[in-house]
Structure formats: C-alpha cells, structure tokens
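Chain IDs A, B, C and D follow the sequence of writing; residue 1 opens each chain.
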Amino acid sequence: MRKPKVGIFGLTGCGGCQLEILNLEDQLLDLVNAIEIVHFTEAITEYSDNYEIAIVEGSISTMHEIERIKKIGDIAGTIVAIGACAVSGGLNCLKNLYGLEKAKELVYRDKKKLIDSIEVKPVDEYVKVDYYARGCPPNRFEIVDIIRSLIVGKKPEIPNYPVCIECKRNGNTCVYELGITCLGPISRAGCNSRCPNSVSGCEACRGVIDDPNINAQKDLLKEYGLTVEDILKEFNLYNACRGKTIEQKNK
Amino acid sequence: MVLGVNAASKNTIYAPDVARITRIEQISPTEKVFKIVFDDEEIKNKFEFKPGQFVELTVFGLGEAPFSIISNPKNRDFFKLCVRNAGSVSRALHNMEEGERVGIRGPFGNGYFPYEKMKNHNVLLIAGGLGLAPLMSLIRYILHYREDYKEIMVIYGAVNPESILFKNEIQYWSNRGDISLCLSVDNPDDKWTGEIGVCTKLIPRVKFPPDDTYAAVCGPPIMYKYVIDELKKKKFKPENIYLSLERRMECGVGKCNHCHIGDKLVCVDGPVFSLWQIKNLKEAI
Amino acid sequence: MLYKVLDKSAYRDFVKALISEYEFIGPKKKDRSVHDFVPIKDISELDTNYMRVTIPPAKKLLFPPNEKLVTYEVGRKIEVRPVIESDEEILFGVNAWDINGMNFLDRVFTTDFIDENYISKREKLIVIGMDSKPTETNFSLSMGTEYAKDGFDIYLTELKDKYFIRIATARGNEIVERYAKVSDATAEDFRGYDKYMNNYRKKFKMSVNIKNFYDDFELIYDNEDFWKKIAKNCYSCGSCNLVCPTCFCFNIKDDIELNLKSGSKTREWDSCMISEYGLVAGGHNFRPDKENRLKQRYRCKLKTFIDKFGKYACVGCGRCIEACLAKINIAEDINSVKKEVSV
Amino acid sequence: MIINIKDKKIEELIFRIPEPPRFFEAMLVGRKYDEPSHIASRICGICSVAHTCASIKATEKAMGIEPSLQTINLRKLVYHHENVRSNVLHVYFLAIPDFFGVGSIIPLVETHPEVVNIALRTKKIANDMVRIIGGRAVHPIRIVVGGFTKLPTEEEMVEMRKMLEASYPNFEKTLEVLKALEIPDFERETEYISISDPIDYALYDGNIKSTDGWEIDDQNYMDKINEKIVRYSTAKHCWATRDAFMVGALARFNNNYERLTDNAKKYANELGLKAPCYNPFMNNIAQFVEIIHSVDDSIKLINEILEEGLDEDKAMAEIKPKGGRGVGVVEAPRGLLIHDYTYNDLGRVEKANLIIPTGMNYANIEKDMYALVQAIIDKSEVEIRLACEMLIRAYDPCISCSTHLLKCKLINK
C-alpha cells in the first residue's frame, strides 16, 4: 500500500486537536508507518509544501489565515477539518457574538488597529472540506478512523445520531436525573459520550444532528429552570457561527 | 440455562468463508459482474442455492453487504454476483482485481422465486434497473429447463440504453425466439429504436391468462406500487405475484432486525415474497 | 420444578458461599438513583433491595453493547476466526420481568439461525431470580410478566422468616444442595407463598389495556394526526431502545487496524428510533419521520412477536418511560390507542 | 523573529509571536460562573488543566467557595501530570531531536527506537492519569468549580500508582541519554518568578515569589507584575522589578529547589543542574527533573488519598453564586499563569484579565537572544540561526510556535 503524504496544520485554535494526534500513543507508530507526515505544526520542525491530504485544526480569524488556507486548499487533494474550531468555528465564534470591534477594544485598547483579526469562520467557508472530525477536542480514534478510511478507500462513518445512544451503551445514568442539563438528545454522537461519562452535561461540541428536535430541547431546558438566554448560550458555546442554522433548522 | 438447543458448535453465524474472485466483467458504467469460487472444496460442494437467494459479501476491513446471486443454480463450481457501485462495500469491490479474496456468508433467504410452482405455467418477469440482477438466476434456470414452462415474457426498464444490463444475454434471448422481450428506457439516445418511458406502461400489453401465470418482480422501491396496480387491473392473483424486496441488512440471518416489515424479516422470510404474504403488511411497499 | 424453603438465618451463608465459589454478578447501588448488575466481591456490595429498574438491563451480560464476533488476519492468506466468549457466572437477584425479557431474547436468538455468541453465554449463565419492587411506571402485571415460570435456575421469594425457593434446573438443584441448608416446602409454605404473591401483585400501580391492541393497532395505523401528536417531542435519541431488556437490534461493523493486517467484525446496539435505521444505499429511507419510527417501535413491541412467537416483546418494565426525556410513555400510549379507537 | 545585524552589531531584534489573537477576555464576559473554566481550557490544549485550574481558583476565590482537601489533593495530582506530559513533549519530542540534529522525533523511530518508546510510554502514563482523573486528556471534564463531577475509583487509584511505579526504569535510561547531550554554555542572570509554597514544590498553589527577593500573595499580583501591549506582537509583554523576567521550569527550580524530592534532587545533581542556574538552555533539564519530582510526589499523594478513602460527599463543595473579584494563580508548564475575574451579583463574569506565561517570557527571550547573538556574532549565519532557534525552543514558549513557525530572519548580515 502506498503511503499518502499528509500535512497537519494549525490555524486559530488551542493546539489541542494536534495534541490529540500525538496522544494516540499506542497507535502513533502505526500511524507514522501508514502515512508519511511531511508537515506537523506541533511536532515537526521541517516544513513541506508537498502533501496530498491536509489535516487542518483551527478556525480562520485573520487575513493571513485566509491566504494560508487557500494555499493549503490549492495543494491538498483532500482536506480533513479536525476539531470544533475548524469544523464550525467552535468557541472562537463567541468573539463574533461579542462583537469584533468591541472585543479588540476590550483586549488591545488603543493598539487595536494593529491587530489582524477578522470575523471568525470555519474552514469550509474558504475551501472545500472533505471530512470532518468534530468535537472539542476531537475524538482521536475518529481521526485515525478517517485516516484509515482514506487509506483503504472507504467513506468514514460519522454518526448522525444523538449522544444519548452512546451514553446508554455506556450504561450511564442520565445526568438529568441528577439535575444537570445536557444537550445530548440533539447533539451528534461520536465522542463516546465522554461528558456524560464524567457526569457532566453534553455541550454539543460536535454540533447537532441533521434533524434535531430543538423545540423539545428548549421545553426540556426550560423545565430545568433555564431562561431563554441561558438556553441560547448553551446552544451557542461551540455553535455560534452555525447558531443561526440550528435555530432555523427546526422550522 | 437449558434451552434445548445444541450450542456445541464453535462457529458463529457471523464468520464468513473465504472465497476468490476469479473473473470480473464490467457490464455497464456502474455495474460489474463478479465470478466467485470458494477456497475450501468442502464448502464449495455444499453451497447450493435457489433463484432469488442472496449472499452476504465481506470486503475484509471494510464491511459487508447483501447481494443477490445471478448465476444459474445448476452451476455448482462457482456463483456470480452483479454489483452496482453504490457505497463503501460495493465501491471497494469494484476496485478489486481478479484473484483477490472476499468473505461470503450464505446463501440466505427462505423466500425465493418458486421455480417449481411456476412449472407448466406462463411466467412474466418484470424488472426495473438493477432489479434485473435478482431475476437473472430465475431466468437462467427456466431457460435451462425451457420445456417445463409455458410462455415466458421479460419486461425490463432501464434509465438509458447505456445502463441496460446483461446486453449479450438479452441479445441471446431475443435470438432464441422462445421468450418475448419488452425493453424500455426513460432517456433514449439517437440510436434507440425500442420503447420509451417507464416499463410499467408495457404491462397492459401482456396477454397471459392471469390464472395460468406467475409474475416475478424486482426493481427500485417506487416501482412496486405501479406494477402491482397494473397487475391487479389484469386480475393477477396476489398469490401468483412474487416480489423481491430490499431493506437494510446487517446480519442476513434474522437477528439484527433491520429488515423487518411487520412480522416478516426480509432476510429469512424473503427476500422474495408473494404479494399475498405482504398484502396487509403496512410499509412493505 | 422443585419447591424448597431456606431459613432466613441461613441466607447470608448461602450467598457468601456463592460469591466465593463463582463469578458472581448482582445488583449494586451505582449512584443516587439506579442500580447496576456488576461483579460482586463481597456480600456488603450486594443490594437486592433495588427499586429503580437496573440500567442497563442484565441482558448486557448476554448481548453486550459492543461485542467482537469475528477476527481476521489479512495477508497472503486470509484467516477468519470466530470469537465466542462465555464464562460460567451467576446472575443473582434478577427480577421476574427481566427474566422474561431474557426468555424473549432466547427465542429471537434461536429462531431460524442459532446465534452462538448469545447462546453460549446464556447456557453458561446461572440465573438466580428474586423479586424486586415495581416502580411507578411498571406495568408488568398487565403484560403477564410479573411472574417467571422458566428461564432461571433458582428463584428466591422472600417470605416472612424464610425464602421460598423454586428450582427449575438440575444445575440449580445441585447448587442448592451443595451450598444451602434447605428443606422441602410444606403446605404451610405454599400458603405463605400464595399470600405473598397476592400482595406482590397489588404493588403494580400502572396498568394498560393491552387486550385489544393487536387489532386496534391496525385501525389506528393510518391515523397520522394521532402519531404526530404522540411523537411530537421525540428526539429520535434511541434511549428507549437502549434501556429496554428486550430490544435486540444491532449493527455489524468491520474494522481494520492501522497496520492493515488484522481486522474484526463487531456488533453494537442499534436503535430503530434513529433516522439511519431504515436507510438503504442510494439514500432511500423506509422510515423517514419520527412518527413512523415510534409507530414501528410500538408495533415491534406489542404486535409483531405475537404473530411470531405468541409473545409481546415488551415486558412492561417501564424503563423506556423513565429514560425518555420527551416523556413519551408506552403505557399511556397503549391506553390512548384504546381511547382513540373507541370514540 | 527578526534579527538585523550590521557590521557585527545588532541593529534590531524583534521576537514576534505568530499566534492569532483569540480574545478570551471578551468571550468570558457574561458567562455563568460554571462556564469560564470550560471556555478558558480552550486557550491552550497543552496546558488545558492549568487554565482550568487557574480559572476555577479565580471563581472560587471570588465567591468564597471552599473545596475539600480531597479535591485539592486530586487537583494537585492531576496537575502534576499535565506538567509531566508537557515536559515530556518538550524534552523528548523537541529538545532531544534538536540535540541529535533531526527535525522531529519521527527519524528517531529508526535510529533511537528505545528513546521513542520511552517517550511514548511516559507520555501515555501522564495522559492516562489526566484521563482517569479529569475524564479526558485534553480539556478535562470532571474538574469544575467546587470540586469534581466524578471521582476516580479506588481501584483506579491503585492502578495509577502501579503505572507510576513502573515508570522509573524509563527515567534511568533517559538520564543516560541526557547526560550525553552537549548543552550550550551560555549564561545570563535575570529575575526568576514562580509561585512558591513552604511545603510543596508549588505548581497548583502558592505565593508569587521572585529570585530578586520579594514574595507577594497571589491576589496582589498587580503590585509587581505589569503588562503592556507591544506593537509587533499579539501577546502582551510583561515586566516586574526589572525590565524582563523568566518563568517556567527553570524559574520554579531556582525558587523552590529545596522542596524537590530527594530523588529529583539526585537527578538534578547527576545532570549538573544547581540552583540558581542562569543558563536558559538548562530549562530542558529542569523540566526533566520536574518529571521525576511529579512522579515521586504523585505516589505520595495517591497514598494519602487512599489512606483517607475517597468520599463522594466531599466531591463537590457548596456553591452560592455571588459577586466579587478573585484571582487564580498557578504554574502552567510554561510558567506563571494568572486568571483574574470580576463577577456581578448574578454570578456572571463582568470582567476578565488573563496573563499567560508565554507572554511573560517574551521580553526575557529578547534579552537572552541579544546576549547570545552578541556572543556568537562571528559564527556563520546558519549557526547563529540554529542557536537562536534552539534558545527559543529551550524556553518552550508554546509548543505550536516553538517549531517551524519560529523562523529566524537574519537581515543585512
């Protein structure tokens, strides 16, 4: 089997997604054997412009990054977006909600004009993304699964069912029974329900399923004492860029 | 727990037997025919199937999917599948080469085309698109024992001339003269001289007496309703109409439940049902 | 069936002996509200006095949420190896309706083809039943599953000062003779048992009008408004399926290691309530809407297997009612079908 | 990073951080008290536990929440292992390849498989520790305001102890590798700032202390630490008593050497690391010594926790949301990390100020670089560039920028 050349890139994000690749530990050597990593922002000093598959972390938040992602798009035949920031803009989009100018003012005061910062957008606003490994951080096994699928020529299976399924497979007690709210019923699975496993509510870091019952979720959260504002905040934590579409989806 | 079943076997119904692809033929832009032979002699000798039955084919590392057997049940050394490049497993299969190995479970399906009952009757075969594949085994069997059957008619509709399957075979049928053929395409090209439009429109032309005729039908889900309506108009009896149904299958052996329709499982009770069997099953068609 | 009694003072010694002699699985308090069946090392962990139906149900021992079925090596030759794992274990303290749930699965996994992966586990599992208190949502009495007549080795019923023991298998008898000081049940004991059962049956608060459902369902089938109404808040989240002691749908996945040398087939629990369930290649979905799927689930639970085995596929445990965040309630819905049909 | 050299004299030296600005201070505004730690965690995937803890400490301070001793011990335990895995990443994945003259750990798979295996094993142990206690390796889930959403089980604690105990032989082998490395002989005395505690080798909690002799309560960090926005970088620059200071492993080592375990001291000694040490390149060695200390101390902590027994009732402290200001200061792997929150009466963030360690070191890196380039100005361009890059990497500014993005641009040489 031929080894595809792979570049792993970091844009605006926390580096956690790339770290999850390094965190593969047991599979890392197999991975290095299966693909040729020619670029890895976080782990390799060398730099290469010769790759077929680009794995991209982070959202686009500067003019400079628009150029970078376009260049990556020109070179790579396949683009895999990893992590909420790259897939949906992620938490970075809270900045958009706050207001770009206001945010610059707050953090950089009089120097704000010097700062290269634009409205945060996910990667697929600028280039075509072939596969998404959602989540904040993404599930490292899902990243492996995508890479493996690309090698053997299979379409990676990305669940389109709610987190509750995995949560129940894992035998968890639903956190609602403990008085904790959870976005599990509308959020896309694939994380192995890691938040409910730790007795915490799902925050929809992988986004929502294709056909979420938003109205039911609102009713439910209301019942647990959340205000409309709280509910929107819950939905928006990782999905502010796409927040509007969540709302529209149920109409 | 004493269940009264003998669980001595160390095998599982989910383990495929290894087989070899010995020939690959591209018969249309999206379909290939695969000739398959089991590695193990004993398994090969035991493998026996009836028209309409299917196998579960594993591409190792990729997945499994059900495919109907299209070859004549009389051939015991090999069997053939016709596969459309439609998804993961089928795409991988299309990328394979002669000599490569796959896994096979089966044959499955207790519901098959009743070739015994059809004897001494007319047989009407109606196929849409890839639906011709599951009927191939039946047609080949009948032609093998041609004298046992009365009149035979094949109505076959394809999207366009290019996508017509088994062109050579169809040519051969028309040369034989003892089988009537009605071909139709939705989108003709310049050279097309045959019928145009959905193949259900051809059913009114059938002249067979309904009491003396069996119909075998296979096609995409939307086709069935129209075919049944037309056959009903012709006063065909529901117990004489046989349909091959398609549902999602994970196991093929009646466990995973994905293919159930009411109290029937497509994999073990079908995939071929008489219309009578499923008449009152909501969701069936 | 053999009938014996065990003095209450001898009960702890009996259980202790079983814990030390066998792999012992029993109900243990998991968190504030639920119990789970887990390996027990010491009698102090065991809590048979559970109220909330245990989640996940004990079926996970026979039909685990994830189970490897086959492994294979891909080289010049392909070697396929079936994986059938089973250990002799005791399942202790499982209640009647869950035993009936397992009995139902027994039928499923032995009809048409025998599923060795399930059956080999089931045959090795020593089942010791015990009653538990029904929850508010339990309607087992209506479903006729509040009493188990088979599917166990030993069944203990707690009377005032003794346990009434029903022994259903030779294996169960051997265990009782070996580890418990029992005596034959007397007429007096049977009377005590009878009284207990009468009392026990009074504890089921929820009841359903299941009698005519088989036919009523056909009448309600095409009433779209009805199904839309009851499925309105359904998330298609599958929780109802995954907590159910009788649900058995699964997917099979093929996986290959990154070294592309060894792979496996694994099955995992699936749910008929999610939209992918009815999807076939090419994108056609046989059950695109949540109301189709809910209707389908009710049919599967309450009608399909009457046709096939003469049994309901619902034991009335009420788990799905408690698990559903959308408050969709199978018991109430059975009753509202009756109501809807009778007006 | 730009160095402009003219006639063997440095004209200009600018160290620029390429990180895009992320505006966390703005994102936090208006969020409910239980959310900042989740949001702040996303500042950095490599030090997500540090940000989580700093954030939680600030919130707890602001609202007067008192976590149990069990909670604090568990936090210290998980904290150790973020430090370990980050140090492992730095020592094994960046520094060692550097010294072997290769671009990454990947070529070492062929040439030094032993080292690679040790690196992966050690990293896995540290990650597993964070996974078990925090619920996942990156952006922990269970560590929240007030305590833990879920506790590890006693079996897991025992398992962790076993893993840790099994890791010592790896360190012995690493010691041999490190001893053989030639560490550049370069010294520049500066101010070293870290947190400090009378008993612990402080990582999770303590006063802010400087080698220049001052020590202040963490709530009063503003008395000493100043921040300014510089023209050419999105990270803010910091200074205290002098015009620059250093934070990180070496600063901690210089301030807290006495509180290291004997075993860790032994390793330091073997590697020729003595407090105070003024060679920034020795930062890597200090990191390795800290790994030893963390493993030693973790085993001690686990024993203490097991002795007490894990108690569900102590998992979460009582929380009454209210207004107020609180500061959380911790040692992130890269040094002092400060979160400063002001809450309104509804328990929502009104104002947030975050000071990250990489920002603190900038001024000092510039100063070091200046001295270093001056010292080797006669060498070739390639050598100067390499030395500068190694210096930056020694600081471990933040892993994503310590690699290729930090290209030295030499002008006019």
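We adopt the following convention: contacts are C-beta pairs under 8 Å (C-beta built on N, C-alpha and C of every residue); 3 or more make two chains touch, one makes a residue touch a chain.
What you are looking at is a predicted structure, and each value in this text was computed from that prediction instead of being measured.
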| item | value |
| --- | --- |
| Each chain counted as touching chain A and chain B at once | C |
| Pair sharing more residue contacts (C-beta pairs) when B-C is set against A-C | B-C |
| Per Cα centroids, the chain farthest from chain D | B |
| Where chain A and chain C are represented by their mean Cα positions, the distance between them in whole Å | 37 |
| Inter-centroid spacing, chain D versus chain A (mean Cα positions, whole Å) | 25 |
| Centre distance in Å when chain B and chain D are each reduced to the mean of their C-alpha atoms | 65 |
| Interface hub residues of chain A, defined as touching at least two other chains | 152 |
| Junction residues of chain C, two or more chains touched | 253, 256, 260 |
| Multi-partner residues of chain B (each touching 2 or more other chains) | 61-63, 87 |
| Touch relationships between chains, expressed as pairs | A-B, A-C, A-D, B-C |
| Contacting residues of chain A [partner chain B, same complex] | 152-155 |
| Of all residues in chain A, those that touch chain C in their complex | 1, 27, 30-31, 33-34, 144, 147-148, 151-152, 157, 160-162, 164-165, 167-171, 173-174, 176-178, 184-186, 209-213, 215-217, 219-220 |
| Sites on chain D touched by chain A in the complex | 20-23, 25-27, 29, 31-32, 35, 38-39, 42-46, 48, 89, 93, 97-98, 103-106, 109, 116, 120, 123-124, 127, 135-139, 141-142, 144, 149-150, 229, 231, 234, 398-400, 403-405 |
| Footprint of chain C on chain B - complex, ascending | 1-3, 5, 7, 9-18, 58-65, 86-87, 90, 101, 103, 220-221, 246-248, 250-251, 253-258, 260, 262-263, 265, 268, 282-283 |
| Of chain C, residues touching chain A in the complex | 30-34, 36, 55-56, 60, 65-66, 232-239, 242-243, 253, 256-260, 268-269, 271, 274-276, 290, 323, 325-326 |
